[in-house]
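Both complexes shown next keep subunit A, but they swap its partner, so subunit B is in the first and subunit C is in the second.
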Partner chain A sequence: MGILNKAAAAGAVFVLVAGSAMAQGTLKIGVQVPTTGSEATYGRDMANAVVIAQDEINKAGGVLGKKLTMVIGDSACDPQQAVNAASKLVSQGVAGVVGGYCSGATLPTLKIYGDAKVPFVITASNSTKLIPANPGNAFMINSTGDQQATKATEFLASKGVKTLAIVNEGDAYSQDLANLTRDDWTKAGHKVVAFETANKGEQDYSAIVTAIRAANPDAVFWTAYYADGALLIRQLRQSGYRGVIAVGDGSNSTKLFDIAGRAAEGVYAFSNPIAQFLPAAKAFIKTYKAKFGNAPGPYAPLTYDGMRLLAWAITKAGTTQPAAVIKALASAHNEEWLAGPITFTKHNTLARSNFIVLEDKNNAWIRADK
Partner chain B sequence: MATDDRPGAGTTPALARLAGPLAALADNAAARRAGIVALLALMVVAPFVFGEYATVILTNALLYVVLALGLNVVVGYAGLLDLGYAAFFAVGAYTVGILTLRVGVNFWLTLPVAVCTAALAGVIIGGPTLRLRSDYLAIVTLGFGEIVRISARNMSITGMASGLSGIHQPWLFGWHIATPRDFYYLFCVLAILAVAVSVRLADSRLGRAWLYVRYDEDAAEAMGIDRVRVKLAAYVTGAIFGALGGVFFAVNLGAISPESFSFTQSVLILMAVILGGMGKIPGVILGAMIVILGPELLRSLGELRLLVFAVGLLLIMLFRPSGIWPGRGRQQ
Partner chain C sequence: MSLLDILAHQLLNGLVLGSFYALVALGYTMIFGVIKLLNFAHGDLYMVGGFIGFIVLSAISSVVGGGWFGIFIAMLLSMLAVGFLGVVIERIAYHPMLSAPRLSILITALAVSLVLQNTALALTNGQYTAFRSDLGFGGITLGGLFITYNQMVLVAAAAVLMIALEFFVTHTQYGRAMRAVAVDADMCELLGINVAAVIGVTFFIGSALAAAAGTMAGAYYGSLWYFMGFLIGLKAFTAAVIGGIGSIPGAMLGGLVLGLLEALGTQIPGIGSEWKDVFSFAVLILVLVFKPTGLLGRSEQERM
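For the complex of A and B:
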């Protein structure tokens, strides 16, 4: 134990020394993403987006005359690992942190960055639980669950829908979205005529289909994931239902078409801003493909924005002093980024959600809200 | 679960030489005492010397020392394989979370409740498995671990998939335990207590009975040892260690979610026990330190770190199949 303790200490001291020696002329930005474990694909994608942002900023002269260097902290989508990674980033003296994928892993790190007063731009985690836990230094640039509910209510109402059926799958994410949508929808003066919970992995949805047909709503909103959603859509259409069908961002995968086939024609999906549907992201997609050989993933545009937003704030503050950078971040006002304009509420969440609406035309998603 | 605990079993000469000083430390009482004093001194000054990041990961390692020592009672002392140990860890964490957040109970008052709940959980898992051995026992304990995790994921009182957050850091006689350094010292105390209890248990009448049951259940029973009681005692003791670890884990992190109590977690703790040497307290401590600090020290390797770590573990198990710590452990 003693030997190992010393080894651990020696390692830590080495990192600290090496860190401070390297700090000359560069500005370190922490990137907290899962690069190992089940969510590593998304973490890699986010880190790639930061690489592109970093290279572009450095080519344009860097920030405050210094080059940016990114330091990856692997959160592994695990709360404990995330805390370790966050502590390490803080000890390495990062000027700010971007990233945050799994909300459960991001949550306990808020306190660490808060205590160290490190500005943190959260680019994917979007649980509403993060909001009360935020000590004030974290900024969420991904829309939260309640913003998706608002978007769904606005969009469906604009399509002339009056009565709505909501179906979830009983897990935290889909149930949360279902409840929030029900609240928003009734507050807007419309009626929820059916509120159903499906069993995950079920093959036969006839019970739910019958209940929906009996209530005969103008629209059905599926809040869970594509695999089961696709089956429900197929069985709904087979039963002769002609109303509007909408799905949440857990179902915006093209795999929905593989299972639902032609039945998914005309289905609306709410989605976080994906690069291929963002008019401003053409160059970004090209650079990403050239550099990494594949198309950018779902959180790449937001993470790219996060890195650039942080650099913008440091430049605006004229210093890396945390309080000034946090103030600069909070002052963001409708500047245009890849995924749309950013202005923060007093809770440091987006004042205007960046959710987009997609529609299935011949088994391909097209943008439906612009 | 008879294992080969002979000193240096399957060890190459080079490794035996390397283990030499360790063995000397284990055998010589004076050297051992000096070693312990040095270790305690190092524990006290560590946060001041090594900085905050080291403090955080050492705190984490100390938590695993407590957990591994708890599992060591079940696996090492009584020889009952447990693949669902994270369940007890979860019971402790969720007890604190639910009682402080939903009922508003003071943190320190939740401790006895957590201990009782864990003991109950120990009986629940221990009861039906008393007549099972080896593989079958492993399967049942694995199932138990998954049941607890999946229940936590689906019940609204445990916060479902997103877990519980906003658990407050406790006060102790006007001392607000809040900074990483505070928690480091808290876990130091906890780990020292766990070591002391483990040592005392090993030498107790119950400890001898566990050893007997581990090697021959039938003979033990013939000699008047109540097999049922002794095995249950092992599960309950292990469960209490795990729950106490979970209690302080919950207040340290301030948020708990089902991901923290997965099967991998159980395996990690079991790995610490087996790596260090089942039944050998210093070995188990060393094992816990390795499984936690290893991946952290390799962080600079990026994506390769888990691969390098795994290869390291494989090599250790190849050359020291009965654990790193030398000596015969509790067979003397």
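For the complex of A and C:
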């Protein structure tokens, strides 16, 4: 055998090996999260959730006979960086992307994925600004702000509340939630008897408390953040108010109890689906803790769901062809996931809010709905 | 709630709020009296007082409990500490500036305010600190009015402090010296009064009163924040101007008047509680335009 033949044989072996690797193949999934910068904690938490989903899917045989591998694109919670990360993911030929934490950074990437026709499952960003900017390939599985208002209306009405007082803090977030809730509440045929704005950073809320006591509502809904919310709750209870008190997701921190103390007993809080309150997430929490040494963060369950939803859609489509995968994603209909069922509206947002309701029992949150 | 109940409630709320304003306004007015300085760092001493009171209470609450007795001790220690802090600030920052143009010392006061705020910001990372105490929510009902024990203790404590101050100023040697320095510092020096010491005592008392208010506010409202002194500093300044800046009874009266004006003003139909600050600062402007000497202020030479 001459040298030439040897080379040819070696070449043939090489082709064979390469060929079999290709046949077995891997499927690249992009993960767009901030792994550096101020929001890195959340980004790493989301990436961890994707790792767990990927391992589980691969152990069960992968997708279309191929193993999933994740490619991380660091958005750094910065629009410019996010655009670079998205372009990088697209050029690496990912079959789909999950993630998206800061809405501001996710917004400009919609066009990049849209132009490349890459399916994008957004697992945390939930600004309503993303909805009109969506070219049709992106799917939001975190509830948007208006869905919190719907949930609040639903839940408070179920508690027999007829008259409501809404208090916000004058900033964009809390005012938005307050207005949306007022609209939903009146549309549902109930009455908003007081609509107040607190001054941020003020300690004394006695004027608002008196106005609320005068209107005597069945419930008070605080739409802003925990620090001032705790003060209001304390002063409301101190004044002898006995009605229902509910707070928005800006106030569901346990620090609310630190400041409000016993006054916060029985307060309801709306929250995005956190693992510790999801009955289906017990195994997930265990795996997460064993693998990463700490408890899953606030967006881990949704991001885990996002990865599995994408894998499910590719399997259902039977191909990685973007149009087919996007069609499969849109066809999701009430399948149960970790954070609840997913069905999409025609805007690719959740048809049913996945906000959960928590209640303060002895200064710890417990699940109040279901 | 009837209209009368709302009024009664707001009078009570105004009284509580006014007590805080008055305590802080006293320091403003006393310091203005002796060195003609608007001490813009004064609100921040209220904040520092709150934090020191909280630290002391955390340290001693296992021994004396976290009720009003513990808070009282924490308040005294905080008054002592912040009183000395006030004296140190005066020595380091204001004393060398006393003969400089008035604007320089005013700017120094702003700088001191920034230093205090940003030190607290750095130490707390800008987080809210929960002021844990064992204060209950009990109280008594008078007709349609519900008054908590906390509110009663608070207003009483403020009243005792103010009466003690009034006694100090009118019946002791240092009080007389303080009033004399307010009238004419140079003359006092010529007559052998230790003006520097009088200024030191004034800063000590003014700062201690702010610390008392800060500790009580922290315990009453339940939280502390590095920026909590800013707004109350402005409000106390307003109260001091309403009462007549430089006048001690004026500061007490101005604090209560401002507290009541705010509390009642927010209940006028069409004026929501978000207009509270607009309301008080509008009052400040009106007073400055129509009665610059305030309610109890007299002519330029006879401050205090």
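Keep this in mind: the second predicted complex is superposed on the first by the 346 of 370 C-alpha atoms of A that agree within 3 Å, B and C clash if a C-alpha of one lies under 4 Å from a C-alpha of the other, contacts with A are read in each partner's own complex, and residues count from 1 in each chain.
Everything below uses one rule, namely that a contact is a pair of C-beta atoms (placed from the backbone, for glycine too) under 8 Å apart; a residue touches a chain by one contact, two chains touch by 3 or more.
All values derive from a computational prediction rather than experimental measurement.
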- Message: According to the stated criteria, A:T36 is in contact with first (subunit B), second (subunit C), both, or neither; which is it?
- Response: first
- Message: Touch test for A:I72: subunit B only (first), subunit C only (second), both, or neither?
- Response: first
- Touching A:T287, do we find subunit B (first), subunit C (second), both, or neither? neither
- Item | Partner chain(s) touched by A:N216 [first = subunit B, second = subunit C, both, neither] | second
- Scan A:T26 for contacts with subunit B and subunit C and give back first, second, both or neither. neither
- Task: State whether A:N199 touches subunit B only (first), subunit C only (second), both chains, or neither.
- Result: second
- Query: Is it subunit B or subunit C that touches the larger share of residues in subunit A?
  - Reply: B
- After superposition on the shared chain, which partner residues are touched by A:Q238: those of subunit B (first), subunit C (second), both, or neither? second
- subunit B and subunit C contact sites that coincide on subunit A, given as residue numbers: 170
- Which residues, counting only subunit A, touch subunit B once they are in their complex? 1-2, 4-9, 11-13, 15-16, 35-36, 72, 74, 77-80, 83-85, 87-88, 90-91, 102-105, 107-108, 111, 115, 127, 129, 132-133, 170-173, 175-176
- Interface residues, subunit B side, partner subunit A - complex: 35, 38-39, 42-43, 46, 49-54, 56-58, 60, 154, 159-163, 165-166, 179-180, 253-257, 259-260, 282, 285-286, 289-290, 293, 296-297, 299-300, 302-303, 305-306
- Note on the structure: Listed in rising order, subunit A residues that touch subunit C in their complex are 170, 196-199, 201-211, 213-214, 216, 227, 230-231, 234-235, 237-240, 255, 258-263
- Task: Can you check the complex and tell me which residues of subunit C touch subunit A?
- Result: 1, 5-6, 9-10, 13, 16-17, 20, 128, 130-132, 137, 139, 146, 148, 150, 217, 221-223, 225, 227-228, 230-232, 262-263, 266-267, 272-274, 276-277
